[in-house]
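Across the two complexes that follow, chain A remains constant while its partner is chain B and subsequently chain C.
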Partner chain A sequence: MKSGEVARLIQERYPGTDVRVPRERRVMVYIPSGLLIEMLAFLKDQGVTHISTITAVDRIKENIFELLYHLSWENNEISVRIEIPRETPVVPTVTAVLPGALTYEREIQDMFGIRVDHIPNPEKLLLPDNWPLGEYPLRKDYVVK
Partner chain B sequence: MGLIDWAKKKSPWICHFNTGGCNACDIETIAALTPRFDLERFGILLKGSPRHADVLVVTGPVTLQSEERLKRIYDQMVEPKFVLAIGVCACSGGVYWKCYNVKGGVDSVIPVDVYVGGCPPRPSEIIDGMVQILGKMGLEGHVIKSLEGLAGGQ
Partner chain C sequence: MKETYRIPVGPQHPGFKEPMRIDITVDGELVVDTDIIVSFNHRGVEKATEARTYLQNLYLIERVCGICSHTHTTCYSQAVEEILGLEIPGRAKYIRCFIAELERIQSHLLWVGVAGHEIGWDTLLMYSWRDRETINDMLELISGNRVHYAMNTIGGVRRDIAPENVKDLREGLTYLEGRTEYYIHVITKEETFLNRTRGIGHLPTKTAKELCAVGPTVRASDVKMDIRRDDPYAAYPDLDFDVVTSDAGDVWGRSIVKTGEILQSIRICRQILDEIPVGEIRVRAPPKVPAGEAVSRCEAPRGELIYYVRSDGGSTPERIKIRSPTLANWMVATEMLKGVYIADVPIVVDAIDPCLSCSARVTITDHSTMKTVITSLGALGNQKQRR
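What follows is the complex of A and B.
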């Protein structure tokens, strides 16, 4: 399946969604956070079954976190982007759809303090055992001691 | 020369601990020990337990996770004990200096006797560091002489 075809399928299923194909084999989808699990499940049905990673961006000036779910299929890549408010950083877990997302969800939970709702394993992943509560090193307002 | 000095001179055993490095310094340390450079022929053996070692060889920046472990390993060693910091990360933190999970160099946790810079240092530089450790032990004689030859002209 070509990248343009996936973009067309998303447009058909969710009319009005901001889908961009900046170049060959690359798709960007901008969706509201409520649609996230539905979108990933829809993509999974189309054969986009592999999650490469989840990245987060702390856009502190606009007071939002941006989350990008990077999925891939047949050398193509698709990034599903959502934005969540910085004051209440909560996203639902996508492990029900993509079990491989667990490690990445734990990572952004550690590094950004974005709470992942109903995550199967909420334990710390990367930070040291004695790490102080409520400090998130990859947030822009974190000060290194 | 007493028996203890003699034994020390013949067998300055080392214990190696990576506090969070990238493995490059570890590879160079092993290269210094294995036949190409062959520190082992001078009795400098790599030991698995800090209780058997005279010299603690530390590579890598000290992360918050390894800080307690490094302290504990150092405390387990018997006196007299020496610490050799290998690589710029172990000396000062290197490129990881002021990283959120890095405490700093080895000397921010335990006293260090000899620093070997480099990223990673060559085996000859590690041997030179070992020579200085032996000098600090107050040892003279053929071991240091032959080691110096090794460090200088490899």
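What follows is the complex of A and C.
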């Protein structure tokens, strides 16, 4: 399926959604965080099963965490993007829709301190057991010691 | 009453390259549940990239992995080139693919040996690692290096394939083709191998898809997913190859896929030597990268590798996100281990070809006597054969 068709499909279901195609095989979907699960469930109904990873970006100047859920569908890599406030960094778990997302949700919890609500396994994934509480190494204000 | 015991495996093990721990819960000899802990050696590469220039990062990223170093730099360079709007020369694209396929061959041959070792059959390790030397020599011929080839740069590749080397490269491919056919014969006919791999570590297609497995692991569960075909990059749109799959879904199926892929890689390498366009091997890239972002994907020997690079217009990147294929395969590894015998744990874990890992001495506590035995994973693997 061409990337333009993917974009049209999403816009038909969710009119007014900002969907961009920076180049063939790449689709960027900008949505409010409240729509995340619904959007992923919609894409799953269309046949998306594979989540490649979740990228978090600390936009410290704007006081925002941006999250990109990279989904792969046929030839397209679809990035569903949400923004959440930096003071209350909470997202719902998407594992009910895409069970494979668990690893990446644990990763963003470790590295960015973004709390994933109702995550099936909240244990640390990448940081050691004795890592100090409340320190999140990939946040921009974390100073490497 | 049914009792289960929890056995920690790792995090230090001489048989593996990096530390990890697998906590296996056993009921007698059977594994009923597992948990994989990989948090022993996080190097903070993503954080480190934010303090380095784009070119410095190339050399840091080359060292994310020792076995698939070229795939990492290819994926990173592609992302930066996309933000820069650079189109690299055709010859550079073909050279990138050539090195990538040689890398795949050496990685898969390495795996064949390690798989042999894990089932207590070190002859296979000696044979396949001897043959793997051919690939290291070929890579050295082109790049001067056996492991970190440092072939990529932003804007193309750093070294050309010299015409006088083509004969040696072709001879190397012919030798490897013969050897790989022999290994396929061994894998499909040899009882030692069949007994230890058929039906072991089964991963159904549905679970493989659901838990987002990648690479030979998912292809051995009959899912036709290959980034070279699905999201073609470099010269792959011009190259002919088959995506090797198997419907076996077990360790044996994964062996069939990996060895089959070596033959496909040889086929790709020959096409490249036949059809490589003449011309420049790189274009000049400006040191500063404009504001922008790119998602780049490659098929590493172990599966889908994805990079997300964001620039804010400065000399260092705003964010580089790396997701290596092994991380994507941990969840299915836990699934595969359920229901196997303790003696099969090493080969099942090894079947995903973990790059990050792995683990260590195995401590087994006999609950009735509280006696603790420390043994090696390799010795555990041999136990079953001796019985």
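The working rule: the second predicted complex is superposed on the first by the 145 of 145 C-alpha atoms of A that agree within 3 Å, B and C clash if a C-alpha of one lies under 4 Å from a C-alpha of the other, contacts with A are read in each partner's own complex, and residues count from 1 in each chain.
Simple rule for what comes next: a contact is a pair of C-beta atoms (placed from the backbone, for glycine too) under 8 Å apart; a residue touches a chain by one contact, two chains touch by 3 or more.
Since we're looking at a predicted model, the values are computed, not measured.
Annotation: superposed three-chain arrangement on chain A; chain B versus chain C shows no clash, the two fitting side by side. In the superposed model, A:Arg25 makes contact with chain C only, not with chain B. By the document's definition of touching, of the two partners only chain B reaches A:Asn130; chain C does not.
In the superposed model, A:Leu9 makes contact with neither chain B nor chain C. In the superposition on chain A, A:Thr49 contacts chain C only, with no contact to chain B.
In the superposed model, A:Ser79 makes contact with chain C only, not with chain B.
Applying the stated contact rule after C-alpha superposition, one finds that A:Leu102 touches chain C and leaves chain B untouched. When the two complexes are overlaid on their common chain A, residue A:Ile37 makes contact with neither chain B nor chain C.
After superposition on the shared chain, chain A has more residues touched by C, the comparison being chain B against chain C. By the touch criterion stated above, A:Val144 is placed in contact with chain B and with chain C alike.
Annotation: superposed on chain A, chain B and chain C show a minimal Cα-Cα gap of 5 Å.
When the two complexes are superposed on chain A, the residues of chain A that touch both chain B and chain C are 127-129, 137, 142, 144.
Chain B makes touch with chain A in their complex at residues 63-65, 68, 98-101. Residue ranges on chain A touching chain B, taken from their complex, read 127-131, 137, 142, 144. Residues 38-40, 42, 44, 46-47, 51, 82, 209-212, 225, 230-231, 294-295, 297, 304, 306, 308, 310, 318-319, 321, 323, 327-328, 330-331 of chain C touch chain A in their complex. Those residues of chain A that touch chain C in the complex are listed here as 22-23, 25-26, 49-53, 55, 57-58, 68, 70, 72, 74-75, 77, 79, 98-104, 107, 111, 124-129, 137-138, 142, 144.
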